[in-house]
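Next, two complexes with chain A in common: one pairs it with chain B, the other with chain C.
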Partner chain A sequence: MAASSTVIQSPSGARGFNTELKVFGGMAALLIVLPLTGLVYPYFIMQALCFALFACAFNLLIGYVGLLSFGHAVFLGTAGYVSAHAARVWGLAPELAILLAVMAALGLGLAIGLLAIRRQGIYFAMTTLALSQMMYFVYLQAPFTHGEDGIQGVPQARLLGLIDLSKPLILYYSVLAIFLLAFLLIYRAINSPFGEILKAIRENEPRAISLGYKTDRYKLVAFVLSAGLAGLAGAVKVIVAQNASLTDVHWAMSGEVVLMTLVGGLGTIFGPVVGAFIITAMQQYLAGWGQWVQVAQGVIFVACVLAFRRGIVGEIAARLKIPL
Partner chain B sequence: MSEAALLNVKNLEAWYGESHILHGVDFSVRKGEVATLLGRNGAGKTTTLKSIMGMVAKRRGSVIYEGVETIGLSSDRIARLGIAICPEERGIFASLDVRENLLLPPKIKSGGLAIESILDLFPNLRERMSSQGTKLSGGEQQMLAIARILRTGATLLMLDEPTEGLAPVIIEQIGLTIKKLKESGFTILLVEQNFRFASTVADRYFVMEHGKIIDTFANSELSANMEKLHAYLGV
Partner chain C sequence: MWGKRLNFRVWIRGAALTRRFLAETTPSLALRERAAHQPSLPMFAINTSALFGQLLVGLINGSFYALLSLGLAVIFGLLNIINFAHGALFMMGAFCAYFLLNLAGVGYWGALVLTPVIVGAFGIFLERTMLHRLANLDHLYGLLLTFGLALIIQGLFQNYFGSSGLPYAIPPELTGAQNLGFMFLPNYRAWVVVLSAIVCFATWFAIEKTSLGALLRAATENPALVRAFGVNVPRMITLAYGFGVGLAGLAGVLAAPINQVRPLMGADLIIVVFAVVVIGGMGSILGSIVTGFALGVIEGLTKYIYPEASNTVVFVVMALVLMVKPAGLFGRAS
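Up next, the complex of A and B:
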C-alpha cells in the first residue's frame, strides 16, 4: 500500500492547500496589523469577525451540504443570551460563559436538526425558519432576556483568569484568536474525509446512500457543528458588544447571513469572511443613510444573483483558477 | 433455485408513484457468475437493479442476499451487506477528484481490491488521479464508476448499461475488466441493451418484458435461442 499511496498523491490538492494557506496567512497578518494602523475602529473589526464566523458556520451548511437554513440566527441569538446571562447574572468567567453558550447552541442545533433534516430544499428552509421564529417569541416573552431591552452591561472580565478583556486591544486579539481557530476548524472539517462525504451528499444524495452512507447522520452532524460555531460567534459577539438583544435572534439576522455568504461566495472558504466585512462595513459607515442601507443591500443582493452568482471570492477564484 | 445462489429475487414488485413497474420478477444469481438482464427500453431492468439496492421507495416481494432478506432494509444497509451498484448515469461526484471519488465509498468488508490493483485494471485512471470528476471523458467516468465500488469489499456488483454511449475500444476494455473481475471472484449482475457486448461476458441471460422475467437461458444455449432473442429484443 505504500506504493499506492505515493501514486494517489494529488498535486493539485497540494497546490490548492498551499494557496489557501498563503491566503489564510495574509488574512491573519492583515487582521493582526489592522487595529495598530488606526485606520479602522477595532470594535468594528471585532463585530465583523463575529459575523464572519457566523457566516462561515452558515456556509459550512449551505456551501458544503447544500442545506439552506433560514433560521440560523436562532443559534447566534441563543448563545448570545446564554453567554450574557451566565456572565452578567451568574458571574461566570468569560470562557465558561462562552462554553455554556456553545453547548446551548449545540443542544438547540441537535433538536432543530433532528426535526429539519428530514426535509429538503424549501421545506428544510421553512422548517428552520418556523422553529427559529418560535424561539424568537420565547425570547421575547422570557423574563431572563428582558424582552425589548435585552441584557445590558455584560461584563468583560478576565479570560482564563489572566487576560483582561476590558482592555480594547487585548479583547481584540482574543476575539481574533477565537476567530482564526474556529476558521481553521471549519477548514479542517471541509477538507477531511467527512467533508468529502458532505460534498458527495450535496451533489448526489441517493448515490451517497447507495454507496453505504447514512446521509441523515452526516447532515445532522454538519448541522450541529454549524449551530455550535454560530453559537460561538453569538457568545463572543455579546462579550464584545456587552449586550444581548432580540436583533441577534430575529429572522432578519438569518437573512443577513444569507446575504453575507452570497456576496462573498457560497461554498468558498474565504467568501463568507469577505461578505461579512462588506455588509458590516455598509451598516457601520453608511449608518447615516438610515433605512436606505437596506435598499442598498437589496440592490447588492439582486446584483449578486443576476450578475455574479459565485460571489466576490468565487469570481476571483474562477478567474485565477485557484481554490479560495 | 440453485443452492449456490448469492441473490434470490422472488415475486419482486415495484412502483414509481402510482405507476406499477415490476410485476413479480423472479430470478437468482449464482456466486461467481455474470448474469445479464436483457430487454427492451422500459422493460424494468434498471428498476430491478434499483429495487434490489433499495433505491425504489415502494417495493414488495422478496430479495434474499446471502440468506438475508433485504426487502425492508434501507439502501445504505443493503450496500453494507455487500451489494454495490454502478448506475447508468454513473453518479461521479463532480467536485471531487478521481482519487477522492475512489476513496469515498466506505469499506464494508475485507476482500476489496487495493487501489493499486484497481489502477492495474483501469490504467487510464492512474494518470487522472488529480482530475476533477467533471473533467473526465465518458469512458473515464464509466471506469471510475466501476472502479470505486471494487475497493469496498462488495461481492455482488450490479452494472447498469456500462457500455452506453462509449467508443468500441472502451467497450472492449470494459468487457475485459468484467472478465477479470469474474476471475477475481466477483459476482456480476449486468443490465445491457448491447446484446453483442453482453454475449462476450455473460454466463446466463434473463429476458425481461413488461416488468417480468419471461425467459432464461445459459450462454451455452445462446445459439439455439437466437431467433427467440431477436424477437424479444426487436433486433
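Up next, the complex of A and C:
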C-alpha cells in the first residue's frame, strides 16, 4: 500500500504541476479583482463559485473514479436545508451551521454510497438518482423544510464572531476563500497516492482489485468526500442566497451539475469551474426565456456528447498539450 | 405562432372536455365524500373497497412500470444504454393521441395503433441520427445524450403547453364500471391492466420463444458473431430501439385518459421506473414485467396502509434489494 505512489507514475510531472499552479494563481487573482471592477455583480460570482465547488466535487467522482452519480443534488440540498435550519431556527453561528451541514452531507453520502457502490456503471447512476429522488419526496413532506416555500430569510451573521457576512464584499471574499481552500483540497486529493489509486480504479477496476486494493473502500471514501464537498457548496450557497428550497434537491439540479462538468471537461481540474460559470451565466441571462433555458441545456448536452466530449478545458489542454 | 393559435383552439375544446370529464367523475367524488362522513373505523378494521381501490390504482401504475421497464430492458439488451428519454417519449405518446384526436379527428382506437408507430419512428430517427454514433463509447455517454434529449423534448412541450394538463376522454366503449360486489371496477382501468399484460406477455413470447427472438438474444450476447452469420445487426439494433420506444408511446396513449396529458407526466415517472429496473435487474424480460406489476401493487398497498410513504416505498424496496441481492432480483451478477 505504502509503495503505491512510486508504483503508479503520476501523469502530471513537475512541468504539469507548474502549469497548474500558474493557472490556479491566475484564477485566484482574477476572482479577487473581478468584483472590484464593477463589471460583474458580486452575487452572481458567489453563486457561480458555489456551483463551481459543487461541480468540482462531482468531477472528483466522474473524472477520477469514473462513477457517474446522477443524484448529487441531494447532498447540495440536504446541506442547504441543515445549514438554513441551524442558522435560522437554532440561531447557530455561520461556521457552526456550515460545519453541521457538511457533517450531514458526509453522513448521507456514507449511507447512499454504501448502497450505490454495490452496483457499477449505469446501475450506479440509476441507484443514486433513485435514492436522491426518495430524499426529494422526504423533504417535500417533512415539516422543517416548509415544502414548496422553502426556508426563507436565513441570517448572514458574523463568521467566527468577527467577519460580518451581511456586507456584500466581505461575504464575497469569505466565499472565495472557502472555494479556493476546497479547490486546493480536491487538487491535493487527486494528486495524492489515494488519488492515483482512484485513477487506477477508473482505468481498470479488476486490475486494481488483482493488485490487492479493496476498490470498494476507495470508491466509498471518494464518494463520501465528494458528498461532503457538495454539502459545503450547498451550505455556503444557502448563506449567500439566504434561502433553501426544493430546487436544490431536485433531479434537474443533479442534471445541471453533470452539464457543468461536461461543458468544462470531465476529468480536468479547472473544467468544472469554467463550466459552472458558463451555465450559471446562461441561466442568468436567459432567465426571462422560461423553458427555453431547459431546451438550450438539452441542446448543449447533446452537442457535447456527440461532438465535444473533452469539454472546453479538455480541448484547450489537448491543443496546448498541457494538463489542466 | 401556430402554437398560440393551437393553444386557443385547445383551450375551447379543453373546457368542453373538462366539463364532460367532471360529469363522469362526479359520482365517484360523491362516493368518496360519503365515505369521509362515515364514523371513523378503528385501525385494524379493513375497509375493503378502499383497499381494493388502492390495489387497482397500484395495478394500473404497475402496468405502466411494466411497459416502460420492459422497453428499457429491450433497449438495454441491444444498445447497452439506459434510455433517459423514455419518460419524455411516454409523454409524447399521450400528446400524440391528443393531437390525433384534436387535429386529425382520429379517435382512441386509431391512436392506440398509430401512436406506437409514430413514436417508434421518432425513436428510430433518434437512433439513426445520434445514438448509433455512441456505440463504441462508454455507456454513460448514452445516458447523458438521452438525458439531453429528454430536456429538449420536455422543454419544448412545456413552452407550448405550460405545465397544466389537457383532458383526454375515455373512449365511449370503455366508460362505465362493473360492480364486483366488493368494489366498482371502472371498465377503462380493467382494459389498461389487461392490455398491458397481453402486450408484455406477447413481447416476452416473441423474445424468448420465437426464432427472431433467438437472433435478438444472440445479438445481445455476441453481436460480432451474429453479424458473421449474415444478420444485419445494426438494423436489428435500430428496430429494437424503435420497438422499446414504441412501447413507451403505447403506455402514453393508455395513460392519456387516466392522468391528464401533461408535458411533465413522464419526468417523475421515469425515475421510479429506473428504481424498478434496479430492483428487477435488466437480465431478464420476464423479470422486468413481474417487477413492474409487483411494485405497482406494493405502492398501492402502501397508499392504503401508510399514504405518507407511498411516494418513497419503491425507493425503499430498491435500497433493501441492493443490500440483499445487489444484482437485482432477476439480474445476473457481472
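Here is the rule we go by: the second predicted complex is superposed on the first by the 312 of 324 C-alpha atoms of A that agree within 3 Å, B and C clash if a C-alpha of one lies under 4 Å from a C-alpha of the other, contacts with A are read in each partner's own complex, and residues count from 1 in each chain.
By our rule, a residue touches a chain if its C-beta (ideal position, glycine included) is under 8 Å from a C-beta of that chain, and two chains touch if they have at least 3 such contacts.
Quick caveat: nothing in here was measured; it's all calculated off a predicted structure.
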Name the contact category of A:Ile209: first (chain B only), second (chain C only), both, or neither.
first
Of chain B and chain C, the chain that contacts the larger number of chain A residues
C
Between chain B (first) and chain C (second), which, if any, makes contact with A:Lys199: first, second, both or neither?
first
For A:Asp164 in the superposed arrangement: first (chain B), second (chain C), both or neither?
neither
Contact-wise, after the overlay, does A:Asp149 reach chain B, chain C, both or neither (first, second, both, neither)?
neither
Should A:Leu306 be classified as contacting the first partner (chain B), the second (chain C), both, or neither?
second
Hey, what residues of chain A end up touching chain B and chain C alike?
none
Sites on chain B touched by chain A in the complex
53-55, 74-76, 79-80, 84-85, 87, 91, 93-97, 99-100, 102-106, 108, 114-116, 119, 126, 129-130, 148-149, 152
Sort out for me which residues of chain A touch chain B in the complex.
1, 3-4, 7-13, 193, 196-197, 199-200, 202-204, 206-207, 209-215
Per the touch rule, the chain A residues reaching chain C in their complex are 68, 70, 115-116, 118-123, 125-127, 129-131, 133-134, 137-138, 140-141, 251, 255, 258, 262, 290-295, 297-302, 304-306, 309
What residues of chain C sit close enough to touch chain A in their complex?
76, 81-82, 130, 133-134, 137, 139-141, 143-145, 147-156, 158-159, 268, 271-272, 274-275, 277-278, 308, 311-312, 314-316, 318-319, 322-323, 326-327, 334
